[in-house]
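Below, subunit A partners subunit B and then partners subunit C, in two separate complexes.
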Partner chain A sequence: MDRKYELTKNNRLIPMIMMAIGLAAIVMGFLTDKSRTWASLLTNDFYFTAISLCGTFFVALQYVAQAGWAVGIKRIPEAMGGFLKFGVAGIILIFILGHHELYHWTHAELYDHSSPEFDAIMNGKRGFLNIPFFLVRLIGYFVIWVGFTYMLRKQSLLEDAEGGLVHYRKSVPLAAVFVVLFAITTSTGAWDILMSIDAHWFSTLFGWFMFAGLFVSGLSMICLIILYLKLKGYLEHVNNNHLHDMGKYMFAFCIFWTYLWFSQFMLIWYANLPEEVIYFQVRWENFRTLWVINLLVNFCAPFLILMSRDAKRRNSILWVSGIVILGGQWLNVYLMVIPGVVGEDWHLGFIELGTMVGFLGFFLWTTLQELSKASLVPKNHPMLTESLHHHI
Partner chain B sequence: MAKRIYGIFDDEEILMKAIPVLRSQGVVCREVQSPFPIHGIDPIIGTPRTRLSITSFMYGILGTSLALLMVWYMMIYDWPINIGGKPNFMLYLNLPAFIPVTFEMTVFCAAHGMAITFLFRSKLLPGVTAPIPHPRVTDDKLVLHVDVNDETKMDQTVNSIKNAGATEVLLKSMQFS
Partner chain C sequence: MSGLHEAVVRDPLILGKKDYHQMTEDICRPIEGKANKYWWASFIVAFVAMLWGFTCLAYTIGTGIGTWGLNKTVGWGWGITNFVWWIGIGHAGTLISAILLLFRQRWRMSINRSAEAMTIFAVICAGIFPLFHTGRPWLDYWMLPLANQFGSIWVNFNSPLLWDVFAISTYFTVSLVFWYLGLLPDIATVRDRCITPTKRFIYGLLAFGWKGTARDWHRFEEVSLVLSGLSAPLVLSVHTIVSFDFATAILPGWHTTIFPPYFVSGAIFSGFAMVLTLLIIARKVLGLESYITVQHIELMNKIIILTGSIVGIAYLTEFFMAWYSGNKFESYAFMNRAFGPYWWAYWTMMTCNVITPQLFWIKKIRTSIMATFIISIFVNIGMWFERFVIIVTSLHRDFLPTSWVMYHPTFVEVGLLIGTIGLFFTLFLIFSRVFPVIALAELKSILKKTGNQYKKKGV
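And then the complex of A and B:
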């Protein structure tokens, strides 16, 4: 019951190689195409930060719902939170260094009445979209997300060491506060980090759309890490019933993602207002293939693959659908960032994919490090027995 | 033709232990009726898994097709209307506008079809006398349905059900109406 994950040689070597590939892609990108590189850095950093944030959210959600089934897999989303501090710090760094390339609204001449570039719309949004306030918000997200991740993790580890109900009782209010703050900060974070790239355009459900993507990609990552650990002979107590629940989660939130995607698209398509349609116009004109693939990969594939009960209980199918969803959600973030930054001259090549491999390596490295620090079973959790006997 | 007899049990724990014993003796257990759901009893009885989920998929497909046919006939073929300048001469060009209707029809057909199929298969349609072998199955008794294929083994089967913990074995359904 007290078994820890032991890092193998490959667990250190392969993420290192991946990070080296990522570094090579970033260096090559800065030498050839600056705006593409900044866009791909933001895409990948945001994507993996979102997955990592979903880890903390998942843990908090189980506390708030008083759900017992997930106790046996709780260490995995907890460990995913280990990347969060690097991820959010990376977003702040990318903003400080690359804001001129990434965010059109940071250009000073837009707010200069005498300049020919003066933009009345952007001037009207200046109270919210200005560099100092933006930085304050980013630091606020850092404090909230990383702080709650740290506190929840600390309570969980103390519970392992000391036992008793006191840490569980402390975790529940922490988790409840975090869920509320998470709801607000993911919405505003999505406006800040992704929606302000196309600063003239706005959509009221963008934050929820981003949350749906965050949740479904995080769930797929949790599921894949569980499957990997089972493959290596860990997590004997996690059986098909737990995986079935993960499969149901992935299936449900793929549909939720599509629901929000379509709600955003259809209203804009139907109303046909120029300032709103421009967002989809750019994607339809220049990114049509990827745009259609995005929908197919994120909706049709998981919907049809994961529909039946037997599919959700079979490891091989969960491997495939997890990887498909993670790839699809990456493409989704790519399509939210690239059209606004790079525009017509976009490519999907070594710079983007290499950076993705690098960030994946970094993410796996921090996650596996965190996993190896604590027992894979939270042995003193009051609902552990319920999780061990989970049966559906 | 198999004859169906009914074993009446008082306690679900006794029943859960009795069924594997009876099955190992070659008794064909068909169904359990209980006043409350018993977790994990399906694999013990050995009934095949329900095909209701397959019907739900088929009803869903039916709903999607019906909805598309309906909007195509109404909005494209019979009486095309220019709404907000949207194209109205091909179904696929105007598809986003029809997705909500299609979605609703899919859910409608899948849900209603599944519910009606379930009621039909369980013989629970309105006006039909419920097939309850023992009146107290709605209160505190559990009923195990057993099929006896060979009439000569009737006494032996009744005895094994009683030995397994049944308080009573009914050779005939006590219908009440």
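And then the complex of A and C:
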């Protein structure tokens, strides 16, 4: 029961190589195409931060909902929180250094009445979209997300060491407060980090749409890490019933993602107001293939692959669908960032994919490090027996 | 997961010293005995209200829609407000029977039967408004895509109002079948306990020849699985399509992308409030406190906090985006909502939907039956006002200031609302005397896992 994950040589070497590839891509990017590189950095840093944040959200959700089945896999989403501080710090850094390339609204001439570039709409948004306030919000996200990740993890580790119900009882209100703050900050965070790239455009659903994508990518990552650990002979207590539940979660939230995608798209397309429809117009004109692939990969593929009960209980199928969904959701973030920053002259090449590999390496490195620090089973969790005897 | 391994931190869902026989006795008692004076008193009130509603309906049909307070600017008023309110109330039943089933929430078993019944009655109440607002309800079949020989005009498939026709009829059909299917084993139980031959004959017909054999149960479970698969998307689709009625328009205050999930959440919110209002009374009157426990109420209150907070975030998001968009019509629509002539409706909505449910963060309040009852009524009122605010404040000041008006409902519209409330309670009261209000067969399946006395042995 006390078994810890032991880092192998490859666990250090492979992420290192991946990070080296990422670094090479970034360096190459800055030498060739600056705005593409900033966009690629933001896409990838945001994506893996979202996955990491989903780890904490998943843990909190289980406490709030009093779910017992997931206790046996709890250490994995917990460990995913290890990347969070680097991820959010990265977003802040990217904003400070790259805001001129990334965010049109940071250009001072837009607010200068005498300038030909003066933009009345942007001037109207200035109370919200200005550099100091934006930075304050980013720092706020850092404090809330990283703080609660740390506190929940701390209670969990203390529970291992000391036992008793006291740490469980402390975690529940922590989790409840986090879920509320998470609901607010993921919405505002999505407006800030992604929606403000297309600074004129707005959509009330955007924050929730981003949340759906974040959740489904996080779930897929949790599922893939479980499968990896099982492949290496860990997590004997996790069986097909737990994986079945992960599969159900992925299936359900792919549909939920599509539901929100459709709601946003359909209403904007139907009303056909110029200031709103431009967002899809740009994507349809310049990114048509990727735009269609986005739907196929994030909806059709998981919907058809994961529909049956048997599929959700087969490791090989879960591997495939996890990777497909993670790829698909990466593309979804890509399509939210690139059109507003790079525009028509986009490329999907070594800069973007190499950076993605680099960030994935960084994410895996921090997650595995974190995973090796504590037992894989939260042995004193009061609901552990339910998870060990989970059968559906 | 086996009950023997249930965590110590979980409280029992069935209180008292119950065995299978005692459960049958407890749950069948309200059907088999005579109705008490509380039942009759509430029935008479509800019935009179219903009759008043029918009178107003007859007046509407006989004279026309001109009897309503609508005018050229405000073409949608109480009618659609009531429609959306009732459709929303139905959502708790579907959520409990489909989504909570997927999430393996055992506590749903004590409340699903009455919540599903509520769904059906609420959809009946809701249906009255679109069916009769046409003015000539005898031509309502024109809403169906029928060939021109029937005298109808081909329907407009581009209109969300037509999607509503399909969404709601599907919703009603699936909910009704699902509810009735669940009732079969329980009707058979009632049949087998009947003393008089007439009653036995009627319940025998209603039970569809249920024998309780392994084959019966096997088929029952297969069909239940298919129907819950159909119900799960319905939780989202019905109110999504209702929200499209507004959001596909380009009217400021209506056209906003957050509407679909926000309407669904609001629907579940109001549905649970109505479930609480009804069950808090029903558990007392029917003596079901051991099955619908304070824990059940607390859990429902948690869903109220969740959905209420989602609705609250949606209100604020809309308000923020109205400003952020830089669209002055959109900003005006929202400022007019909050500070214009209908400010009282807006702040009633805000108080009832956003502020009062937050009191449930306090454990003392969410486990207090009286407080829950009061707050659940607040939420019912707040959710009615939400629809009123969305509909009337967006319409009454349109793009041309010369046509700005106020909207005043007539006694007919008020009568229709009162009438549907009467109809709803009449149907529910009859239901509580005719069918078991708790899914008996289903609840028995968890007695030995989470019943008070068994649980203590297991730990």
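In this section, the second predicted complex is superposed on the first by the 392 of 392 C-alpha atoms of A that agree within 3 Å, B and C clash if a C-alpha of one lies under 4 Å from a C-alpha of the other, contacts with A are read in each partner's own complex, and residues count from 1 in each chain.
Note that in this section contacts are C-beta pairs under 8 Å (C-beta built on N, C-alpha and C of every residue); 3 or more make two chains touch, one makes a residue touch a chain.
Here the structure is a predicted model, which means the values were calculated and not measured.
Aligned on subunit A, subunit B and subunit C: do they clash or fit?
clash
Who contacts more of subunit A, subunit B or subunit C?
Between subunit B and subunit C, the winner on subunit A residue contacts is C.
After the superposition on A, what does A:T204 contact: first (subunit B), second (subunit C), both or neither?
A:T204 sits against subunit C, while subunit B stays out of touch.
Have a look at where A:S375 lands relative to subunit B and subunit C in the superposition and call it first, second, both or neither.
Neither partner.
Is A:M307 contacted by the first partner subunit B, the second partner subunit C, both or neither?
It touches subunit B, and subunit C stays clear.
Quick one: classify A:N286 as touching subunit B (first), subunit C (second), both or neither.
Touch status of A:N286: no partner.
Determine, under the contact definition given at the top, whether A:Y270 touches first (subunit B), second (subunit C), both, or neither.
both
Looking at A:H391 after the superposition, I want to know if it touches subunit B, subunit C, both of them or none. Which is it: first, second, both, neither?
Both partners, subunit B and subunit C.
Scan A:N240 for contacts with subunit B and subunit C and give back first, second, both or neither.
Once the two structures are laid over each other on A, A:N240 reaches no partner at all.
Jot down the residues of subunit A that show up as touching in both complexes, subunit B in one and subunit C in the other.
Touching subunit B in the first complex and subunit C in the second, residues 266, 270, 391 of subunit A appear in both lists.
Contact residues on subunit A for subunit C in the complex?
These residues of subunit A touch subunit C: 65-66, 68-69, 120-121, 124-125, 128, 165, 168, 180, 183-184, 187, 191, 200, 202-208, 248, 252, 259-260, 263-264, 266-268, 270-271, 273, 275, 382-386, 388-392.
Residue numbers of subunit B touching subunit A in their complex, please.
Listed in rising order, the residues are 39-40, 53, 57, 84-86, 96-97, 99-100.
Enumerate the contact residues on subunit A facing subunit B in the complex.
Interface residues on subunit A, with respect to subunit B: 262, 265-266, 269-270, 272, 307-309, 391.
For the complex, which residues does subunit C have touching subunit A?
Spelled out, the residues of subunit C in touch with subunit A are 1-2, 5-10, 102-104, 236, 240, 244, 247-250, 255-261, 309-310, 313-314, 317-318, 321, 324-327.
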